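Think of it as A, B, C, D, E and F in the order they're written, each chain with its own count starting at 1.
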Amino acid sequence: MRNVVVTGIPRADLARIDTLAAYGVATVHEALGRTGYLGPGLRPAWPGARTGGNAVTVLCWPGDNLMIHVAVEQCREGDLLVVTTTSPSTDGMFGELLATALRRRGVRGAVIDAGVRDVAELREMGFPAWSAAVSAQGTVKATPGAVNVPITIGGQLVRPGDTILADDDGVLVCPRADLERGIAASAARTEKEAAARAAFLAGELGLDRYGLRERLPGLGVTYEEYDGG
Amino acid sequence: MRNVVVTGIPRADLARIDTLAAYGVATVHEALGRTGYLGPGLRPAWPGARTGGNAVTVLCWPGDNLMIHVAVEQCREGDLLVVTTTSPSTDGMFGELLATALRRRGVRGAVIDAGVRDVAELREMGFPAWSAAVSAQGTVKATPGAVNVPITIGGQLVRPGDTILADDDGVLVCPRADLERGIAASAARTEKEAAARAAFLAGELGLDRYGLRERLPGLGVTYEEYDGG
Amino acid sequence: MRNVVVTGIPRADLARIDTLAAYGVATVHEALGRTGYLGPGLRPAWPGARTGGNAVTVLCWPGDNLMIHVAVEQCREGDLLVVTTTSPSTDGMFGELLATALRRRGVRGAVIDAGVRDVAELREMGFPAWSAAVSAQGTVKATPGAVNVPITIGGQLVRPGDTILADDDGVLVCPRADLERGIAASAARTEKEAAARAAFLAGELGLDRYGLRERLPGLGVTYEEYDGG
Amino acid sequence: MRNVVVTGIPRADLARIDTLAAYGVATVHEALGRTGYLGPGLRPAWPGARTGGNAVTVLCWPGDNLMIHVAVEQCREGDLLVVTTTSPSTDGMFGELLATALRRRGVRGAVIDAGVRDVAELREMGFPAWSAAVSAQGTVKATPGAVNVPITIGGQLVRPGDTILADDDGVLVCPRADLERGIAASAARTEKEAAARAAFLAGELGLDRYGLRERLPGLGVTYEEYDGG
Amino acid sequence: MRNVVVTGIPRADLARIDTLAAYGVATVHEALGRTGYLGPGLRPAWPGARTGGNAVTVLCWPGDNLMIHVAVEQCREGDLLVVTTTSPSTDGMFGELLATALRRRGVRGAVIDAGVRDVAELREMGFPAWSAAVSAQGTVKATPGAVNVPITIGGQLVRPGDTILADDDGVLVCPRADLERGIAASAARTEKEAAARAAFLAGELGLDRYGLRERLPGLGVTYEEYDGG
Amino acid sequence: MRNVVVTGIPRADLARIDTLAAYGVATVHEALGRTGYLGPGLRPAWPGARTGGNAVTVLCWPGDNLMIHVAVEQCREGDLLVVTTTSPSTDGMFGELLATALRRRGVRGAVIDAGVRDVAELREMGFPAWSAAVSAQGTVKATPGAVNVPITIGGQLVRPGDTILADDDGVLVCPRADLERGIAASAARTEKEAAARAAFLAGELGLDRYGLRERLPGLGVTYEEYDGG
């Protein structure tokens, strides 16, 4: 691991990120071709938040949040802090004080692939955080890591400046280069979903709407009357 | 696995199911002789719901929700959709659009032994869902499975038309043949619990009420004064 | 395992415990030197509670809550029941009836390193519980264990009469002998945190405040301009 | 749970079971249509064994092996003991003494969906066992369960007298009624595998042999030259 | 956590430890009253070893093996190194070089409640190690911990100088004060097991030998003829 | 996910890979600066193998091994097949037939971040495989994925043509561009380890050799005589 802090990362336009974020994680995930989801392991510290921002990435040693402190300085308006560790950890490396420092800089939330603490205070502040665990276990500031290097969470690559979306369904990364494509595809997807919703409310079945019924025989699916089995 | 859709499954009377469901999962579980609980792995997508219904069962391939679409057509008023996969999966195979289609048919909720998504929308709709995970990760519609065949979740066998109960404590299956016995036993259990509650409020101990105190010596339990250990 | 019930355990002053508890689990954990946290595995059955009390400890056989019933008699005003099992278990060994019996005796909450049930009822009662699982699966009363012996949860030793704190961040044990030190250190820590909060709101960085910036070169951390990597 | 011991269960012919077992778990699983596998959680206590037999099923309370002792009496030549617990458990409920008792009765092995112990002794005896854990943690004999009732492991239903196969790939259940179909289908599958093996050794590709290549374009799979990405 | 290295710990006589170790982990665990087992999470790095020794305990920060290096100096002939971390970790904090240093001092093996590496080399050296994981992931030497303080693994308290046994069934701690009682009880248990083994080989059933048969009716266990269910 | 098969990927010289592989996973991991380890979740199907090769990467849908068949054609002498799935899966997507096809093409082994089967046959063939699970559960060939795109396993990015090393300690990726640096650093590391080994055998302590002793006071580590605690 190179112990480097990368400065001057590119960022996307916040208005465009807000446009994308409004579609929600699940819709954008579909619109992008079912890619970029950081996995079911990241859960919101409190329910109901939905946000988006530019990723400032952090790679920490387990049990050590030194590099989060280094990263704060690299954050600006509209960023989302995205942190992982070199080995899996549940330690509470992020809490209310860091949230205060981040909010002062206009940061919109934190994604911690480890533990967060001060959950009651974060909820009260309205500062959204997604994490792999809630843990009061504190961390040290002894071992170096990196800021704004590519990291991976849930099998997805997150580069600094990528667009991050997060809501009650979890966290999604959209590569910066795919932002406009993501917005267009999400708009199309939303329109398609609205039409499906209306059709379902009118009683149509997905079986017919998605052309599945005629594929069933080819897949060997048969229908049988219940005989008590 | 036989790729079959079984039609015309038997169902229990909804009024009787409602009677059973009102007792709650934990009480009915005890009343049935501590059996039928689908395990602590299934959690509500949002807290506070309690429901019951007739099981429409679905067996899907991991990462594939084709058979849920097939199953919608088999659902009717008062059903609960109960889905598992042939191998463990956390993928988000159920969300708001399917919930809309199910609600249109009078379905009361979904039990997904995999992932659900659109959690915020499900909460807003008031459509209850229990699942093993929350995940935005989408699924394909490529591989066949089965509808209304016996499936197992949490080591319990669920047959189509069995009675399903679900609340904040999780999900329970009551075999259709046991429904009346379940109601009677739950009523008796509830009466017994009410008496215990009153006794506990009056200061009686379970130790005495359940006849445990006299069994302790036989089990080798002794009392000792604290000596600083 | 000795099958013993220890009576007459020492307890700390409740007013002092309340003073400590008001600082919250995360702060006291730091104040004590990052020790005593029972781990991220224990989660509140419902959010928002914060409490503290004297530990009455219980060691049960998996799937068996006999000794909880034995322990109720040992509880008094201001206690917290702390239960573990000889092997990991998720079974619902604690619910509304036991909570009723405990509340009658002035017990403030329960910490169950296994499963709880009747979550909706506990929330309604306002009886706080922390547990490793929510499960309706019931238990028997057949196998002996121990009450008020030292137990361990999450790698931490809990002795009868130790001070237990619990909130949305989890559960902490403070040895009885450390209570006054914990209060003093927590007060100091809180003051320090308040100063840090004010500084962060004023724009200071942890990097500077904690003297981290000057240590970075010695740790090999370098700064680089983003070059598209 | 009904606390019952079912006697006089049906069994399949051992010679036919041996015929099936010789094909191995993975092949028979495919031959049966990808069903009956008890999951990756069951691992051999020592490598290299392959066996098959008639299932004697046992349902135990966690931490309690009373019903295994009851089941021994129900075992006879060519049986395999198949044990699960009402809740997940890793406790060592089976070891060398029980293996000795079973061997005396001609039992061929044990499948324990919990823990086994005396691993070195089992290996030395050549008594094969598959389990979810290795644990020295002992169990009590206090709580009843059932013998020779249907149980489920890894989502598969195992009925008394079903055919069980086990080798280094894990454990498979073949319903007794499917034994002859399983043998025939396994023979066909083995022949097909032998032909595929020969073809692969001769350089043919599965892509061609299984007709996959022509399906790729329809699935949207394209080929691109590497460009450094 | 106090960052302390405790010197001059007490140790038990090695000949007596060898006597105890010869009984094996499972037998001693039973003899001691089913206590002291460090859990199924600790597995041997290579199969077949059985050893015992005096515990030198180490408490490390996750991802950091500084205190193991400190502990080496505290080790002497007949010791077993027993290491845990303040938070769960799988990092490879122990390997062939440390094993070489320990062997030089007469240490008999290592128990690492985290990861080990150089598994092939440890096997070749014949140096036994039990661990929670195998991992090549290296550690730093930056954060302090403690040596020869009480630690807990798998819910069991291990004090410096306690007797540690380990074999293919896992690891056991026997408090130093219980060593002679453990030897006596293990001898008795072994005799009892030998008698049971002989009886089982002669066809007796545990059901009769342990007096279980007559308890079954009181537990509600009934016998039924198979009726196809 | 783009459904693409990338052809003509770059590869490193096999002699140089063999040179690197001879150092072993743990040593190279350290030499590269503690990076590239694919995590403790990947274990060898049978012990004792050590190999290295050029990565051919595969991204599959869970429960589907279509793209492995596509990838075989892209493999050549000295490659290692490296497979992951879009969601976690334990299904047995690789076995003896695919190993036969790969061996025919000179492939040296397989790394499957999911399940393998035919473990006994793979051991007999001497074809090494590392996997997250052993499972007989078969897969379908219905859903597209990608071959020779960057994938991530255990938080590490693996690009097609990267150097893969694997032995009993797990699997390591060395970016192609770092191969020569890795060889040089591993040689240096091995020399350093040999010197340390010799020193340890001569009785020197790591505490002195690594200059740790003088850092202990600054870290607050103190020494105390045992006082019975």
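To be clear about the criterion, a residue touches a chain if its C-beta (ideal position, glycine included) is under 8 Å from a C-beta of that chain, and two chains touch if they have at least 3 such contacts.
Since the structure is predicted, the reported quantities are computational estimates derived from the model, not experimental observations.
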Problem - Shared chain contacts [subunit D and subunit E, defined touch] - result: C, F
Handout entry: Path length in the contact graph (subunit B to subunit D, fewest steps)
Key = 1
Completion exercise
Shared touching partners of subunit C and subunit D are B, E
Practice task
Working from the CA atoms, figure out how many degrees subunit A turns to land on subunit C, in steps of 5.
Solution key: 120
Handout entry: Homomeric contact subunit A-subunit F: same or different residue positions, threshold half
Key = same
Problem - Gap in Å, rounded to a whole number, between the CA centres of subunit F and subunit E - result: 30
Handout entry: Approximate Å spacing (C-alpha centroids) for the pair subunit B, subunit F
Key = 42
Exercise for the section: Two or more other chains in contact with one residue: find those residues in subunit E. Expected result: 34, 86, 90, 137, 143, 150
Handout entry: Interchain contacts, given as pairs of chains that touch
Key = A-B, A-C, A-E, A-F, B-C, B-D, B-F, C-D, C-E, D-E, D-F, E-F
Completion exercise
Listed in rising order, the residues of subunit B that touch subunit D in the complex are 1-2, 33-35, 84, 86, 150-153, 155-157
Practice task
State the interface residues of subunit D toward subunit E in the complex, per the touch definition above.
Solution key: 3-10, 46, 66, 69-70, 72-73, 90, 92, 95-98, 100-101, 104, 115, 117-120, 123, 133-138, 141, 143-144, 148-150, 160
Handout entry: subunit C to subunit A touching residues, read off their complex
Key = 24-26, 29-30, 34, 37, 39-40, 43, 47-48, 50, 167-170, 172, 193, 196-197, 200-201, 203, 205-207, 210, 212, 216, 219-226, 229
Handout entry: Residues of subunit D that touch subunit C when the two form their complex
Key = 61-64, 86-91, 135, 137, 140, 142-143
